[in-house]
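Below you'll find a set of structures to go through.
Two complexes, one shared chain (chain A), two partners (chain B, chain C).
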Partner chain A sequence: MTALSPSRRRRLAGVTVLAGIVFAGCAKNAPQDTFKPEGPNARTIDDLQRPLFYVAGLVGLIVFAVIAYVLVRFKDRGQEMPQQTHGKTWLEVLLTVIPAVILVGVSIPTVAAIFELDDQSNECVINVTGQQWWWEYDYTGKCGDVEITKPIVTSSELVIPVGTPVLLRITSRDVIHSYWIPALNGKRDAMPGSLRTLRMEADEAGIYVGQCTEFCGLSHARMRQAAVALDMDDFQTWVDNQLEAYTDNAPEPGSLAASGEATFINQCSRCHQINDLLATDGTPVLAEPDLYVVSGAAPNLTNLMTRTAIAGWTFDLLTEECREQLWDAPPAEFGDLYLQGVWMNSAADARKPICFDEATLRDWLRDPAAMKPMFVDPNNLSSTGGRTRGMPNLNLTEDQIDQLIAYLLERN
Partner chain B sequence: MFTTGSKMFLGATTLSVVAAVVFAASTGGATGLLGTVGLVTVAIVFAFLAGINFFTRDGNTPSMQQGVEHTSSAAQPPVGRSMWPIFAAVGVGGLVVGAVSRPVVFKVSIVVLLAAVVEWMVQGWSERASSDDRFNAGLRGRMMHSLEFPILASIGAGAVVYAFSRVLLTADPGAGLWIFIAVGALIVTGGFIFASAPKSSKRTMAVILTASAVVLMGVGVASALSGQRTIHPHPTIDDPSQKALCLEGGEEEVDEHASQDVSLKSNIVADVYLQENGELVARVRGYANDFSQQIVIPRSAHLGVIFHNESAESHRLTGRFGSFPEQPEAVSCTTAVHPGKSAYLGFQISKTNAASSTPFEFIVPGVEGATIQIVVP
Partner chain C sequence: MTTLELRSGNDPAPATPTQALGIFRRPVATTGWKSWVFTVDHKKIGIMYGAVAMFFFLVGGSEVLLIRLQLSAPDNTVLSADLYNQMFTMHGTTMIFLFVMPMAAAFANYLLPLQIGARDVAFPRMNALGFWLFLFAGIFLNSAWFFGGAPDGGWFMYSPNSSGLFSPTHGVDFWVLGLQIAGIASLVGAINLIVTVINMRAPGMSLMRLPVFTWMQLVTQFLLLFAIPVITVALFLLSFQRNFGAAFFDVDQGADPLLWQHLFWIFGHPEVYIIVLPSFGIVSEVLPTFARKPLFGYKFVVFSGAAIGFLGWGVWAHHMFASGLGPVSVAVFSVSTMLIAIPTGVKIVNWTLTMWGGKLWFSTAMSFAIAMIVLFTIGGLSGVTHAAAPADTQQTDTYHIVAHFHYVIVGGGVMGIFAGFYYWWPKISGKMLNEKLGKWNFWLMFIGINLAFGSMHILGMQGQPRRMVVWPEKLTGDGFFNLGFWNQIATWGAFTIALGVLLFVINVYITAKKPEKAPLDPWDARTLEWLTANPPKEHNFDRIPTVHALDEFFHRKYEEVDTPEGQRLVRVKTAEEIYAEETATPDENMHMPSPSYWPIVLAFSLPIIAYGVIFNRTLCVIGAIILLLAAFGWVLEPSVAGVDEYDPPPPSEGDGDDSPKELASVG
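Entry: the complex of A and B
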């Protein structure tokens, strides 16, 4: 193979860098783009970071241009060493004053933005608790115009009303995590023994994606989250659905779903709670994840099928087509589609939801750790007193998986 | 700097230590222990021989070199007077005393003995390094100052901090505040005076600083001898009598001299107020001005509340965190908080309300109806 000449090598390197820059801007789906604010808080940050980015870019360009000029102009061509001088007072003063003026100029809008982001006129407060490797949300009371009479606990998918300032009270049960939904606000660390706040507000209905941004162990990359913004009417519907009494849609005795309920009680309810679930003797079925999981919590699965993804918002409950349909829906149609969830596009009397990605849920129930790295090896739990970090393999049979899926679908 | 002989023994020492580590790691049982002890013994012997050679500079004198009878290290006068043997004797004495009294004396004596031996050895070596005393002093400084200065500074700073902490632990909390302010003001004033009079003699500064250190150490020793003030343990749910205290109120206090002012805490979920009219309300973090009688918290998270007593009498805040099968009721409380004062109460609830046979709530013992519901969904 013939070696490239130096000039061709330089040209090739330049084209490669240019192509990299161009192609980096071609991402079709970039839901975590920090330059696409979708709410007032993110917009405040964007209004600050854009001019700073331009100023910093200009300064960078000037610096690189000067360096390039010096490199070329004063390249060693065998000329005599020029006379050496020690400093130039006026230049040193100038090079101190200019950055100082720039920093003062930057600090004024920065401080103003900090105060603006700290506005405490919230209409909704939600507890957000991180653990390896998912987020839990507890709704604490009134949210906008909607009265939440009983606490709602959900996971991975934060549902908020559009145009309502929502305050997240963020903490962690195990290690440090960081909550970030770029379209709605900056990031906030979630630390054990600390309660920190972050404001969220969305301009219009839609789904806004985020990611844990503090390395938190094996599946940090698979600890994702989403904020779903619904119009106030749709939010009311969502709340009503979450608070619906269990008996209103309890499985019919003898059905596959009823067998699923028994399987759930036997296998899953040690860690996962379904609110108001009763055992055969009429006593409440109460999860005790504090006995089995290091963090002391596992996702509450009441109304699991109203969510669009599971396992730290990593695996879809919707098929790819339906997912795209939901994500691309205009704000006016989004709420309706979201509330239909896996039953989207299905006839009213359909027994099977068209949009349900059953294969993914099946794979998850067969062996969760095979899909998402977790600390669940039973031979390696001595350091945690037998407690896992994540969901272990329950060795469910295919029949049990059929039953559980039927049960969870009916619990929608 | 290091002579040939001492280099050889230092190498042999290192090799023996490595061998001991490898043998210990790779061989178990009685054989492993025996072999490791043997190799460690060999390492100690080699280290001793290295020290001897280092001290005597191998005793070499090149016979053909001109003037060697005046310049060689062996021709230098014997080492002058040294204080290190005294320290070494103190160390040995301490070892004996420590062996029959307290382990800490034994450990400190080992440190003293080692320091004395190293200093003595280096002094002896450096004072015969050449016929030039200034060069020898510089050689010693280059070798030892990088060790001596940080160690002495750490010991000095540690002694000052320890002495001052004894004073603060002995004094009444109110007086401690003023002592802290006074000492801080004195240091700032002294620094200001020194800075504004740079021509002050080093001797004056040394005298003032030494006198200050002596006074501080003296007061610290006196405070340590008189013992710290009584600080009662915080009531915990493990102690049945303390649990009764939490639920029934009473006059006992955790620390009656405590300031009862809460500094910044990072996990506060709500401020709880006992108002003048006896009503207990919570200002939940996140809601700007609303008072509530319900707090929703996540399970298994370390959280806390700050209790503000706005009533005319001392009261404590008690958290009742549920009763679960085969476990006593989980209860915790603050100290009895004086009127106008505050206290912190931390908690972690691992189970939901539904799992408990008794409600989760904050109460104020002795105040009828003062209750805030805790919801753990």
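Entry: the complex of A and C
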């Protein structure tokens, strides 16, 4: 920057401020703001995207200024018929070369960013599988400093350690989906029959919202996801929670939750797995969703209450105030709140969690397809051989729902 | 449309008598519905293309108003998820295949023979076949609404979501077979127009004297010729999978869903240029006329159009940047996409420089043309931001992309088409559209487009994805960029556009009612189509004009004269004088095609076969029999109707008719 006159400098500052307002956005922008990177991969994109918008905007302003000038200057005011000039070759060539030079200037950082984003090095691998209309995560091996000794299978909410490059291995069980957490990286399609990879890393603890972005049928709009980044020790706690033995939080015999366990085994366990759950005769209860669901999968509910939303991350388990409290929490406090989940803000000896949005879960259990359109009408399943796409209405009684909620509330 | 008096008074009077072979006679009606249904006149076919395309524009527009109503508030319930998916699929499909493409075909059909100084197209019956195929394809495709539901897989119809397992209604079958039929219409039209432009130009009309509209249409037709076969293959694969148990996209049997994406976009990207190049052509006619200057850099514009035609084949995978193609492919397609911005930029520069130094007359047509440059520039610039693949992985499948391609297709394509409406309406109907209403029409559409699609940039950058029936309230944010506000603006914008289009329809109606005729040369135009009557006679030109220059008509009106103050442009003749010269000595032999029964019959057989594929194979047999009979009829009908067969008989000599005395006809 050499010798700009003060007025030009002022104007430049004005443009920058204006552009800042337009693109930087304020703190309360929509959570999927594509200009708010929260990790190195998204920042690589942002570093390319932002100048690109400035260049495009500048070129646009110049073109429009010229057009506006022409329209005012050469308006028909009764002047003579103009010279019938057919063009000026030097001008044509010049005005072809200028955009070519700009585009070469743009393409170099673009290609550099493409290869930079292809870096696969990582300290954690998580398998991500899409199906109509939710995401499943499958943790294996080591993740950052944390050893994961048994497989963790969860859904909708991807939990990752802060500051750790995580490689997602993405695929699909049915149609094409696309995994997108705008604050952490761009989109990557989930292709049935093959694997795609996407690297993510979060700078700070927090929750980063996303959405399936490849049209995937009836409830595409309600296939959401989030990435939750936790500091390494919180992540360790989360992993320990996930791997806790079932017997440690099995329902007390005779309690409402114990009846819920029986109802769960009767009604839900056909599709939904709860790890280490035993039937009354001591045999393991194994879900067989492939018999009932087209994708052959249903969310694993072993630790349902460690998540904050259900059904493709569409319906909150947290009440609205508690959700907002969690989302707005500063990074230092976030991990603690997240690990408390629905028990956030509750006294240590409370019997019911005050942050639990029971009504929503209750509605869901009553008739899931009424809340989220799914392909479950029993009269309409001939094309799928009787299997559903989504969760059918199980016609549960209110008593059964009470029992199930009591039981599920302990799945944390 | 009947009130428009679109027929000219002069019908060809073929002199060669032919033997009548029973049903194998040429139809001879010169008035009434038969004169339209069996016509092979490129002008009538063009008008029918335009009228039907306009109807589907209103259909597709109504669909999007429902979509915008649904999206005007969070978690809205105007449309169910199922209906919403059908609605956006049909909105895209209708607007692209049943509005923009056939509307471009309407302009091409009507104007190309006139602009090159020909009496008709090379294959008039094929031309009629193309129109009827398009009409029946459109009806067939939309009949899906009444047979259990419209297609619901999006206009891109990605596999495997389009398979019978995931889309069990017949909607996708209707989509596949309807587009297949529409594809035949496009192919037939493309071959016809290419042959016409190459072979039927008037004496002196060298390629580098072709009007730019004809040039851009020629490039478009070549794109169609090569792109349609690709989608045809893709559609065959999909329909064999859905209807005959094939497994081209069955992942369980080892198929790769990327196959469909490649095939679709190898068609789909050239398709973008198929949509906008005709509008480029229209604007390249309108701007010089109203700037009273030749197009700046004619050769650059022509060659950049051709360059777009070539480069358009090398960019398809930029629709697939999120598919995980690997960094090398992505880098290649990223750079090739930026490359195509160069010839596109050339056009914008040339259009602007065409106006530079001119004497600008801001008619409605000119307003639309200028707006087209502005809006298309916005679409082009946002396109460059998507060309950078890493940025595109944030932007793709969000409203930012919706904003981009609507600026290109509506801003670039539809605004050009409306410029064409206002510019050529006096040529086609013989009456001037009302300019005052036209201005209202223009401003409403221009403002509406910016409200609707401008706000979508913000929605997309705020992360609102496309194709979602609802957007949740908790994810709207609450700053200046909150999704709620901008979605409402977008909805208001959509209705503003609709109001503008409504004014156009009213304008057409009022114009048809009013008695005043348009002057012969209302805009002081430059190209050959203005050398003849409004509307042109059935044989277009009494005498095939001889061309001496680019912008032939203008140069017959004006001459550059040396004066003491330098060269001055002086009007030497009026349009009426030139017209009188041209009609004074009509050609002796005019080769005019006779109407035919068979194009509509043949076209009618294809939807029957298509219904048969979906519902009952017996219908396929019936359709095939009709097809076969129509082909026989087509081949066996005489090349020309007898002169005494016309009903009413052609005007006789000496009743004030200035048509040529002797006409020979060919089929």
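The working rule: the second predicted complex is superposed on the first by the 377 of 412 C-alpha atoms of A that agree within 3 Å, B and C clash if a C-alpha of one lies under 4 Å from a C-alpha of the other, contacts with A are read in each partner's own complex, and residues count from 1 in each chain.
The rule we apply is simple: contacts are C-beta pairs under 8 Å (C-beta built on N, C-alpha and C of every residue); 3 or more make two chains touch, one makes a residue touch a chain.
Note that the coordinates shown come from a computational prediction; the quantities given were computed from them, not determined experimentally.
A.B. asks: Once the two structures are overlaid on chain A, check if chain B and chain C clash or fit side by side.
C.D. replies: Here chain B and chain C cannot both sit on chain A without a clash.
A.B. asks: Looking at the overlay, does A:Ser346 come into contact with chain B only (first), chain C only (second), both, or neither?
C.D. replies: Touch status of A:Ser346: no partner.
A.B. asks: Once chain A of both complexes is superposed, is A:Gln267 in touch with chain B (first), chain C (second), both, or neither?
C.D. replies: After superposition on chain A, A:Gln267 lies in contact with neither partner.
A.B. asks: Report the partner of chain A that touches more of its residues: chain B or chain C.
C.D. replies: Between chain B and chain C, C touches the greater number of residues in chain A.
A.B. asks: After lining up the shared chain so the two structures overlap, which partner does A:Gly193 touch, if you call chain B first and chain C second: first, second, both or neither?
C.D. replies: Once the two structures are laid over each other on A, A:Gly193 reaches both partners.
A.B. asks: Of the partners chain B and chain C, which touch A:Glu288 in the superposed model: first, second, both, neither?
C.D. replies: first
A.B. asks: Between the stretches 57-65, 165-173 or 345-353, which region of chain B is in steric conflict with chain C after the superposition?
C.D. replies: 57-65
A.B. asks: Overlap the chain B and chain C contact sets on chain A and report the shared residues.
C.D. replies: Residues common to the chain A contacts of chain C and of chain B are 191-194, 196-197, listed in rising order.
A.B. asks: If you look only at chain B, which of its residues touch chain A in the complex?
C.D. replies: Against chain A, the touching part of chain B is residues 266-269, 284-288, 292, 294, 296-303, 350-352, 354-355, 375, 377.
A.B. asks: Any idea which chain A residues touch chain C in the complex?
C.D. replies: For this pair, the touching residues of chain A are 23, 25-35, 42, 44-45, 48-49, 52-53, 56-57, 59-60, 63-64, 66-67, 70-71, 74-76, 79-88, 91-92, 95-96, 99-100, 103, 106-107, 110-111, 113-115, 117-118, 132, 174-176, 178, 180, 182, 185-189, 191-194, 196-197, 209, 211, 213-222, 294, 314, 316, 320, 323, 373, 380, 382-384, 389.
A.B. asks: Quick check on the complex: what are the chain A residues that touch chain B?
C.D. replies: 120-122, 125, 127, 129, 136, 138-141, 151-153, 167, 169, 171-173, 191-197, 273, 284, 286, 288-290, 295-297, 300
A.B. asks: For the complex, give me every residue of chain C touching chain A.
C.D. replies: Residues 80-82, 85, 152-154, 158, 160-161, 164-168, 251, 254-258, 291-300, 322-324, 326-327, 330-331, 334-335, 338-339, 341-342, 345-346, 348-350, 352-353, 355-362, 370, 373-374, 377-378, 381-382, 384-385, 387-398, 400, 460-472, 474-483, 550, 558, 560, 567-569 of chain C touch chain A in their complex.
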